[in-house]
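Pasting the structures in now, so scroll down.
Below, chain A partners chain B and then partners chain C, in two separate complexes.
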Partner chain A sequence: MSLSRYALRRLLFGAVQVLAVVTAVFLMVHALPGDAAVALAGDDPDPDRVEVIRRALGLDRPVLERFGEWLWGLARLDFGASVVSGRPVADTLVAALGPTVVLAVLTLVLLVPLAVAAGVAGALREGGPLDRALTSVTVGLHSIPEFALAIVLVAVFGVGLGWLPPTAVGVDVLAEPAVLVLPLVVLLARPLCSISRLVRAGMLDALASDYVRHARRLGVPPGRVRFAHALPNALAPAVQQVARTTDWLLGGVIVVEAVFVIPGLGTVLVDAVAARDLPVVQGLAVVFAVTTIAVNLLADLVAFRLAPRAAA
Partner chain B sequence: MRRVRPAAVLMVAVPLLLALVGPWLVPAEQARTAPFLPDGLLGTDFVGRDTWYQVLDGGRSVVLVALAATALAYAVGVPWGVTAATARLRIVDEVLMRPLDLLLAVPSLLLLIVLATVAGPGVAVLVGIVALIAFPDVARIARAAALEIGGRPALEAMRMQGESWWRTSVVYMGRSMARPLAADAGVRLTSSLYLVASASFLGVGVPPDAADWAVMVDRNRTGLFLQPWAVVVPAVLIIALSVGLNLLFDRALRKEPR
Partner chain C sequence: MNAITRRGFLGLSAGLSAAAVAGCGSGPTGAATTPKAGGRLRAAFAGGGAKEVLDPHLANLFVEAARSKALFDKLADLGPDVAAQPRLAERWEPNADLTRWRITLRQAVFHDGRPVRAADVLSSYARILDPARGFRAKSSLSVIDLANSRAVDDRTVEFALTRPFVEFPNVLAAFGAYIVPEGAEDFSRPVGSGPFAFVSFEPGKSVLLKRNPDYWEGAAHLDELQFVIANEESARVNALLGGQVDYAHDLTPTTARAHASGDRMTVVRSPNSAVQAFAMKLDRAPFDNRDLREAMFLLADRPQLVESTLAGAGQVGNDLYGKGYQYYADDIPQRVRDLDKAKHLIRKAGAEGMTIRLNTSTAAAGMVEAATIFADQAKGSGLTIEVVTGNKDTYWADILKDGVMSSFRSGAMPIETHIAQRLLSTSGTNVTKWARPGFDALYEKAVSTADATARAAVYGDMQRMLHAEGGYLMWGFADWIVGTATTVGGVSTAPANTLDWARFDKVWLG
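Moving on, here comes the complex of A and B:
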């Protein structure tokens, strides 16, 4: 299959995914049994408040009309207004976008070279002390909950030793980059483990393969065999895993922002959940889900380019 | 083959023992004092309860919810995957498996938070949601395993001999699938543990003053400078359980003959 045909097929599937997610987020609120407005108004529903929420959510109109409006609004990046503050959801999201993007981009920028270096280092000396140590650490840390790791690191380095600031309250991130050290370490822990293991496994497979043996017999220099022939094939599954870790990264960002008090999208989500502000939750769900789908799509295309036969 | 490391066993045993036996060691009557005092073994928590008793009491919910959710995910996912794999009509396979691809596309913690917001709090809800998030992976693995087994000559021979559906599809297949499924169970359990703990920490699906390790970490954070044990002890217990389970399952997997 050519790259363009594969891309077209993958794009179509991505579009279906986006449409399905958007519909699901809509149904979540509007097709629930019972009255969402009463549920949202809290333990002691005040009729006025119920009415305000009902109008804000459009619950007084037919479902299909609301669905059309929801889709049309999304197309224009209009997510409706918050039930709590009355501000447009889009404004809230844009205001909180900065810190989350900074965290995510920094994590990815550090993640890829570190994971590839660790995986390749392990694979080149399979069974050696470095490989065994890396394997133990990556296996152990693989599914550690971020909040627990974060809080222990804060207790040790922030409170106990006093080397790093324990939270980011009232600090300008750009003026004092030290506040980002602990959040980044926490965010890197889980994806780093899974990706370096995949790179290691892929590299071991590639190094043991026939074409690498053939290249060696032809007298291709070892460095070129490892990095120009073996590595690209080892990277294809890892690229897809990088995309899959956007899922974790996102979960991690939500938790890390809560622990370190960083005013990003994760904090907005947790606050909106606590206040049961459904339009904001809906908007965030759409933004996060679409981002994940887009990243996965991109990664599948990159993986296809690296190793076309793998994506049958 | 290498021996099981005692460190990994210890890391699992201590939190597990505390979680399962702990609740019986807590006295019914507890005095409340001021928050974050250095009284007792580990001091007091954010509302003046004894931290040690909270630690004893707080493991059960995390461990049991993770176990129940994993069990539920298998109870639904395995028949689901097997049905998809053994269906005569291809359309059944598609109808069963395609929606799971969509489910897998949504970030799991986000899905959990959003569903829990709409469904309201409660242990049963939390178990259901975590199981819902875990089951697509289980179904996929079960389907892959069933497809491989379904093509074996042994099964074909049994079918030609006119063995009943029960003996071919349930007895033979169940026995052959046990191994690949068990190999995967460790990963499912640790990821359920991760989801349950993270959700509880964010205050999703649990009451705010629940005796729960993850909730303790969240609530006692304000006293980190005064009484770090109330935060660090439950956090370390969760980490130990998660790391220990990973190491143990990984070790058990590598012993499997290839």
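Moving on, here comes the complex of A and C:
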């Protein structure tokens, strides 16, 4: 099968997947106790008032009718409006997508070279002091829960020593990049381990493989053997892990957003579920489903390019 | 995020913050004492993301209430004793039978230069009373007969009421009863008459306001006021300690204790801000039995609940709402734990061996902890309290209908409002299902009694009834806690939800 036919088939299947995810999310949020009117009434839940709010928000209309309308809007790329504030969902998503994408891109830009370098360095000196040091540090970082690492970093570097801003509250993350340092460290900690371990293992396999030994016997220079022949094959399994990491980063890193006050997709999700604001939750579901499908497709295509046999 | 992770998380954070500042000096230093003009104050509050609005009639969250107060005025607002005091209304005069009230407006202008007129007041109230909308202040304002109310002239409004009502100023001070310009519906760039004028809004992130130089009560000290959103308490504390904000709203007692003696922040406590209670339902078994309710009152070890749940940041309650507020019945003796008498009453009620489910949730801080401690205090009494944790987003609506006993908390409001909303047979949020014709009649008598002393006596009688037989086990009154930078001055200690709480026109940066 050609690459383009493969990509097309995956895209069509992706559209069906988005529809399935959106429907499932709709049914699940609908199954939660209470609705937007109850959540909005809060500590003043006078039943008459809740009923008036329900009518004012249009929640007294049949569920399927509202869902159908929303789907029809989606077909025209209209995400609808927040049930509660009446603001367009697209505005909310775009505003939250900014910080999430900035964080995800910066994390990946740092993560991929660092993880590959660590994995390759470890594989080339297998069992040596460098390998053991890298293993200990990365596994150590991986074993700390992200919220604990975040709190320790904020307490030490943000509040105690005052070297870095402890949160990103009220600032534009691009205007003051210093606020991103601590969140980036937290986001890098765990994937750095998983990806560098995969690169290391892949590299060890590749270095021990027949074709690498054959290349060496042919007198290909060692640098070329390692980086032009062994490395691409070693990266193929790591690509899938990078994809999973990307997906995780784009899906809203709720804990990191909460600790560092970064108003990204995760924060919007938590707020929208608490408010039972269905159009916002559904809009997020579309974003998450689309990014997951796109990232995985991209990863498959990259893996296919790196090692054609792997994706066959 | 589930409750246990969240609590562990906050606890750990507070501990680490405390460790980070250990070794710092004693009392707060450099706390500004002389007002100074200028500067931008950044205030961190919890927010609501996409659902946040600037429409003051829709205000629900603390941050929305604080922003409404900065941008708009009410005709009256609640003073430190939670009694109504005049604001945009310069004065009010009822007729002899308390059914018509003449309000004289202050000379005030909206931010766009238009004067505040009687027509703006009437149209604001008409908007709140719109039967098709569920504004929070509607139930309070429903005593107004709008069709027969009128603008006498531009600065005089005459309200007709549906019944005699001496506490009408409480209505003018109701939560969310703000005066907006006539016909205002679009609040994307709100125009009010308050001490600050609108500059910009990013929902879920920030609101920037600037000083209104023409404010009727005198211009604010600050040039600018920025509300920023940080949902986690630990983040608000860290932002304050890191100098990113100057005011952090709603801190936990644990944080307050950790920083009370440090010099990195000023801890401001507002006593009597939030009543902490368990609500028993009188319309169903087992708490339709008066003896069993009294047994519950006697089982509660209030000092222990205050010490452990509120980390000492509060006072014990006496099963009555509104300690320190106008009309509070101070003369009723304080209840104390009496296990033997409680056991006797449980036996008398035939409730020995019974298991009672106590509904609670994380909808308000400390409720689950209080329920757990109370369940522990009931051990050895002959009955068992089983704590059931419910959904926080729908909790208040759930406990209104279901269960027999539930955790309850409430912010400040006049005692009259508390009674009207929760303790009459017609009340919309009557959690304890206290419905007594005799009590309803006493309420009618109180609100139609013009003489203040005679009225206070009736409020006293109602409170004695509630103390003896009511369904609210009000065990404590929590302090409301905010933290400020040590350079911030003028932050009031009035109870949360009153005029001076989160009021930034009187605050300055030293």
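We adopt the following convention: the second predicted complex is superposed on the first by the 246 of 312 C-alpha atoms of A that agree within 3 Å, B and C clash if a C-alpha of one lies under 4 Å from a C-alpha of the other, contacts with A are read in each partner's own complex, and residues count from 1 in each chain.
In this section, a residue touches a chain if its C-beta (ideal position, glycine included) is under 8 Å from a C-beta of that chain, and two chains touch if they have at least 3 such contacts.
Bear in mind the structure is a predicted one, so any value in this text is a computation, not a measurement.
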item	value
Chain B versus chain C as contact partner of A:129, first or second or both or neither	neither
Touching partner for A:288 - first (chain B), second (chain C), both, neither	first
Which of chain B and chain C A:62 touches, first, second, both or neither	neither
Touching partner for A:276 - first (chain B), second (chain C), both, neither	both
First (chain B), second (chain C), both or neither touched by A:113	neither
Chain A: partner with more touched residues, chain B or chain C	C
Contacts of A:85 with chain B and chain C, given as first, second, both or neither	second
Touching partner for A:219 - first (chain B), second (chain C), both, neither	neither
First, second, both or neither for A:155, with chain B first and chain C second	both
Doubly contacted residues of chain A, that is, touched by chain B and again by chain C	32, 39, 147-148, 151-152, 154-155, 159-160, 166, 254, 258-259, 270, 274, 276
Touch list for chain A against partner chain B, complex	17, 20-21, 25, 28-29, 32, 39, 136, 139-149, 151-152, 154-155, 159-160, 166, 246-247, 250-251, 254-255, 258-259, 269-270, 273-274, 276, 278, 281, 284-285, 288-289, 292-293, 296
Chain A to chain C touching residues, read off their complex	32-34, 37-50, 52-53, 55-56, 82, 84-85, 87, 89, 92, 95-96, 147-148, 151-152, 154-156, 158-160, 162, 165-167, 169-171, 254, 258-261, 263, 267-268, 270-272, 274-277, 280
Residue numbers on chain C that touch chain A, as the complex places them	1, 5, 9, 12-13, 16-17, 19-21, 42, 44, 47-53, 60, 131-134, 136, 138-139, 202-206, 226, 228-232, 234-236, 238-239, 241-245, 363, 391-394, 396-398, 400, 410, 421, 428-429
Interfacial residue positions of chain B with respect to chain A in the complex	101-102, 105-110, 113-118, 120, 187, 190-191, 193-194, 197-198, 201-204, 214, 217-218, 221, 224-225, 228, 231-232, 235-236, 238-239, 242-243, 246-247, 250
